[in-house]
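Labels run A, B, C and D following the written order; every chain starts at residue 1.
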């Protein structure tokens, strides 16, 4: 490949891809509406920061992908692609100012152009965009040329600043809730009403650099020290680690404040759901898209038994909970029977249908006298634990934590049992599994029932946490989200479920105020994650063996 | 002693008659080979025996009891195990897990046992693991129990599949072309191994095989199928000189419809 | 990516260690320069966006009119998308409820969101005023203590549904009616009130049908309705579904010429887009803006100047009044000591419930102990061909009771 | 003897047959009592059927795309509903521009053709790039992984179009020549429904013949049978998969405009529910089977339109149309109980042997 070809292939083409991405972000309105929030107060609005990040990233990728080792070519590619990327935006501004494209693209507003050109009218604004693109390209080029250490430091420091700015809505209330001299001072040092202070920005970057340098200098010693410990001591360290983790989990909500605890409970409910579906999909390999049905059944059973609105059964939460779980399991078996003979995608659509049937029935006017119809069921009392009313998310958190612990325990125990092996054999090859003496009917039904039981447990807690249940809460998206989270986490992996739930449910909740673009980013992230890490964020241990083992096979077959 | 007796077994796929009124008897503790050109119905025969297909007509008696129409998992409980022509291991499970799944029929624990950590369950699991490790050792694969099945080379995958089949402690073992794709040395190992199973473990073996050298060397009795019909049966020497058999193999060159 | 995650985790960890338990109380203390924080939870996405955006604009104008400051503290308005459903309502309310600086909430747009969200807000002691929840049960005394912190400046469905029934029975003189709802809290309760009143007046309900949100093919259900031979069809749903019913009812034999009526949930120019020419001659019940007088004209002028357009939905004025109600009450209960401003949210809730005769855009607001503050003026509008051509809902009521 | 019987018929078989039987009986009982109640005249029933056919033929067109993609890739293309949405949503702006300039009144046929062209182009492009970016790199991955990218792409496209074109409700203008009724055999039928049914049938015929008769069609079928063998025969597998997506996209774009002409409203979420329905239809007919998808689509449309009135009215269930999706899915489950691979699907086990 000649240099000229590389400039075209890597500089211009990747720049064009970047240009389209930036254009999309601008036209869907992200730059404009994120422009109201500042990363650095008065200097850098979040929308612009996003455009800059894309521009730099694209230039960096363009340079990084260049197969020619000459630094000058890499640098040139970075500059070209940065420039091309900004060219798309410049073009948008030029066209948008002269023609009315707003009839079609609602995001192409004067406010967008103003944000992009920093308010400079005429050609000046367009030149500004191009110049900034060029600077981004040069910056990325410099990053490429730099050594590993300073490059990493710069990138991570910038990332820290961006994250601090992005999460300001979460961090400021925590500072505030302290109401304590030092923290008030710290809060004001870092943040204004909108964005980081300049001093705070610099300080955060410096603190980050110092910490990471310290860690870099010492990490090897720490790791080797741990490795050199005798086995007994290492085990002790591990036990101690577990202990610390347990203590951490227990005190966590006390430190987190209301909203983060609320997010934790949401994540926890999804972990419960994910662990259940992990048995059905991850272990037994049965793709179930109607998993929400059991969640709904759990919720509604608790609602009907405890709420005085429709019937006055007068159960309390603890009496209703086992009934909910048992009915969930029964429903799991009942769903399981008709779909026993279906495979793969036939199973997926049949279960999806089951989920929808349950939701529609709950919503229907026909069953309204018993299930509340569209008006749902309200006034579900909070759980009462030994005379203590669990009202706040912090209290519910413990309930969910206990549930998660129980379910994780059951999952681990089952996985390494005869039943667990039968599930996995069935996942791998149904016919052979049967030829090994595995009763497919019983094994499948056990999988459905166990998953359904976990899901119903989650639903029961959900109902008592929210205090009211509505048919609309049990839509297909819950099922889809749960499937996504177990695969994003790493299919069949228990820690994967936790990570998946935290990333797919927790992160979007944290960034709730960007609700309009939540699904947009969520969708893009799902695609990107699957393309970059198809095995999931925390894959099951055996997949690690596999990566390891692959080389082994190759050498063996070669021999 | 007759372990397995098949009478008038017929299997059709639409208009095609895959097995045509087969009558075969397999004596205990023998190696019984089934040979025949491609498409003769050998694998279909195995599938019918193991319950994967249900023959339209005929009777199969194993140790005197009818097993026709039983589901494959029940047939395993009766004491029949099999391997596959194109190896079908559980690719993403470890070698140990593969073999332990073979031992499934001898375990009893259900749902609550493992959760509550019952003593019987723990004991049972330990036993299962021991049996599986022993079997791996038996097929000379000790120390590789934690590798994933799909990462083994071809020969070891064959052996692993064999170990998995043995784990169910069958009385009758159906082997579908166990030496396919092996070099002469591996083939010889496999032959020794098969004879070993008959002699030391006392397992009856029904063998589908294409390599005549293998068939002629280790078989106690040979049955020849062609177009779903039995065209000859007898000792290896008899078969070697049987005219119909030679015709079936050499005479008609168009017997190439594959299955 | 990996680094970002690592940084993120590090920061979360850092702050989880640093933070101490928040002393949750109902008293909010504001230091000098800290804003009086109001949070909205309207629908700002999905097919009912115009409903929420319209309210949001009303709220912004109200804050401007109030002067942007309260006792020297700036007024800050931000919020969440409650997505016109219980899911969104729960999540939005949780987020608002967990921000200790929120003094009062304004919302939600849709009753289903409110029913799910209000208890969450009130558990955290945040009083809430809604400009557009019309479901009766929200201020029903039977709804329990969860809704003690709930007020609304709009009419409730008991009024709107009853007026619609009266209009159909007495004014149009029709005796047989059918209803459709879409399974939302709003539509379901409105059609129920309508049916009950209509039957009480002496009419017959030929059928009460339901569709699912997102349905497009209404012809089969309309054919079923046609088999009962109604003279009047009432479908108080949102824009998309109402649009489909309006259009398709003209195509179903037996329903071509019957009277159609929807409610304020679809009283929006978007509805005319959705329904097209078929909307000619159909009725809507909606708040009566012509009765609002001078201050409303001024509001419209401000709206036009600020946003370059006329209001899109019927609840902007109610939102304006809701915000004014909150701000006036805060003004009453806030205690200044030095630079700090102390606001007791319980006292604020009480003060709001005791509001009497506050002059608002929608009339004089007087709240009762259940939280109903509206001075209900519901009128019936009829869409003419000229309205459709202009792409605006009829500005003049066709009929009113008072 | 009993022992023998017990070994061969399992409890689950009996339960399955009982479930199926009960549902059939309920349907039958409901139908009989509805018809005996005489609430509906025969013209009502004809109306129900025509409405169902029109809706069903659109489902069938979308389902064809689903099924073709399934055939070649063995994956559920969850984003197909969004491919369906993108075309007519873009076409809307063309339609409005024509309408404003009176072009639609002066040259209605040309105008509609241009709208179709634009919509099909956009849908095709979306489908093509969807495959190229989101699916191609994952061709050898376990099958759940492309499913997740498909779900992600579905969300992304929905909200991309929401961001680009806005979240408000838009409606196609009324086109004069498509308004009104025709009398066919004395039955009053909406013009637009006749046009939709005819157009859908024509498109499906073209599509079917394309797949069955042309060289490219044969190559696509070869790829869906066995990718490796097809590659050995000199077929460019990647190109054929792209072609499949292009054809599916075109069918979806055309279906989208027909849908928009029938229901007028377009918005970013319009593809989701028809997408799920079409998927259901494809499975109902036997996924991977093109005539099956067509049959499934029409069957589903008819069920949705006729069944609530026919089955539920007689049972005294109020607001039956709220339950139409529940009926549709129950029918699906019932069909799958008796034929686990759909109406026209092949037996899986026989194929595996």
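Basically, a residue touches a chain if its C-beta (ideal position, glycine included) is under 8 Å from a C-beta of that chain, and two chains touch if they have at least 3 such contacts.
Not measured: the values here are computed from a predicted model.
K.L.:
If you average all the Cα positions, which chain's own average lands nearest?
P.N.:
A
K.L.:
Among the chains, which one keeps its Cα centre farthest from the Cα centre of chain D?
P.N.:
B
K.L.:
I'd like to verify one number: the distance from the centre of chain B to the centre of chain D, where each centre is the average of its C-alpha atoms, in whole angstrom.
P.N.:
So the centre of chain B lies 45 Å away from the centre of chain D.
K.L.:
Can you check how far apart chain A and chain B are, centre to centre, with Cα atoms defining each centre and the answer in Å?
P.N.:
From the centre of chain A to the centre of chain B is 48 Å.
K.L.:
Can you give the whole-Å distance between the Cα centres of chain C and chain D?
P.N.:
Each chain's C-alpha centroid was found; their separation is 36 Å.
K.L.:
Just curious, how far off is chain C from chain B if you go by their C-alpha centres, in Å?
P.N.:
72
K.L.:
Give the residues of chain C touching no fewer than two other chains, as numbers and ranges.
P.N.:
45, 183, 208, 210, 212, in rising order.
K.L.:
Do you know which chain B residues sit against two or more other chains?
P.N.:
Counting only residues that touch two or more other chains, chain B contributes 71.
K.L.:
If you look at chain D, which of its residues touch at least two other chains?
P.N.:
Residues 10, 162, 318-320, 322, 325 of chain D each touch two or more of the other chains.
K.L.:
Can you list the chain A residues touching chain D in their complex?
P.N.:
Listed in rising order, the residues of chain A that touch chain D are 24, 27-30, 103-107, 281, 287, 337-346, 348-350, 352-354, 356-357, 360-361, 363-366, 431, 441, 476, 480, 483-484, 487-488, 491, 517, 519-520, 522-527, 530-531, 534.
K.L.:
Looking at the complex, which residues from chain A come into contact with chain B?
P.N.:
For chain A paired with chain B, touching residues are 409-410, 413-414, 416-422, 424-425, 428-429, 431-440, 446, 450, 542, 545-546, 549-550, 552-553, 556-557.
K.L.:
Hey, which residues of chain D end up touching chain C in the complex?
P.N.:
39-41, 43-44, 47-48, 51-52, 55, 162, 167-171, 173-174, 188, 190, 259, 263-265, 267, 269-270, 272-273, 304-306, 308-309, 313, 318-322, 324-325
K.L.:
In the complex of these two chains, what residues of chain C are touching chain D?
P.N.:
45-47, 49-50, 183, 208-212, 214-217, 219-221, 223-224, 226-228, 239-240, 243-244, 247, 251-253, 270, 273-277
K.L.:
Okay, in this complex, where on chain D does chain A touch?
P.N.:
It is residues 10, 12, 15-16, 19-20, 70, 76, 93, 96, 133-134, 137-138, 141-149, 151-160, 162-166, 276, 279-280, 283, 287, 317-320, 322-323, 325-326, 328-330, 332-333, 336-337, 340-342, 348, 352 of chain D that touch chain A.
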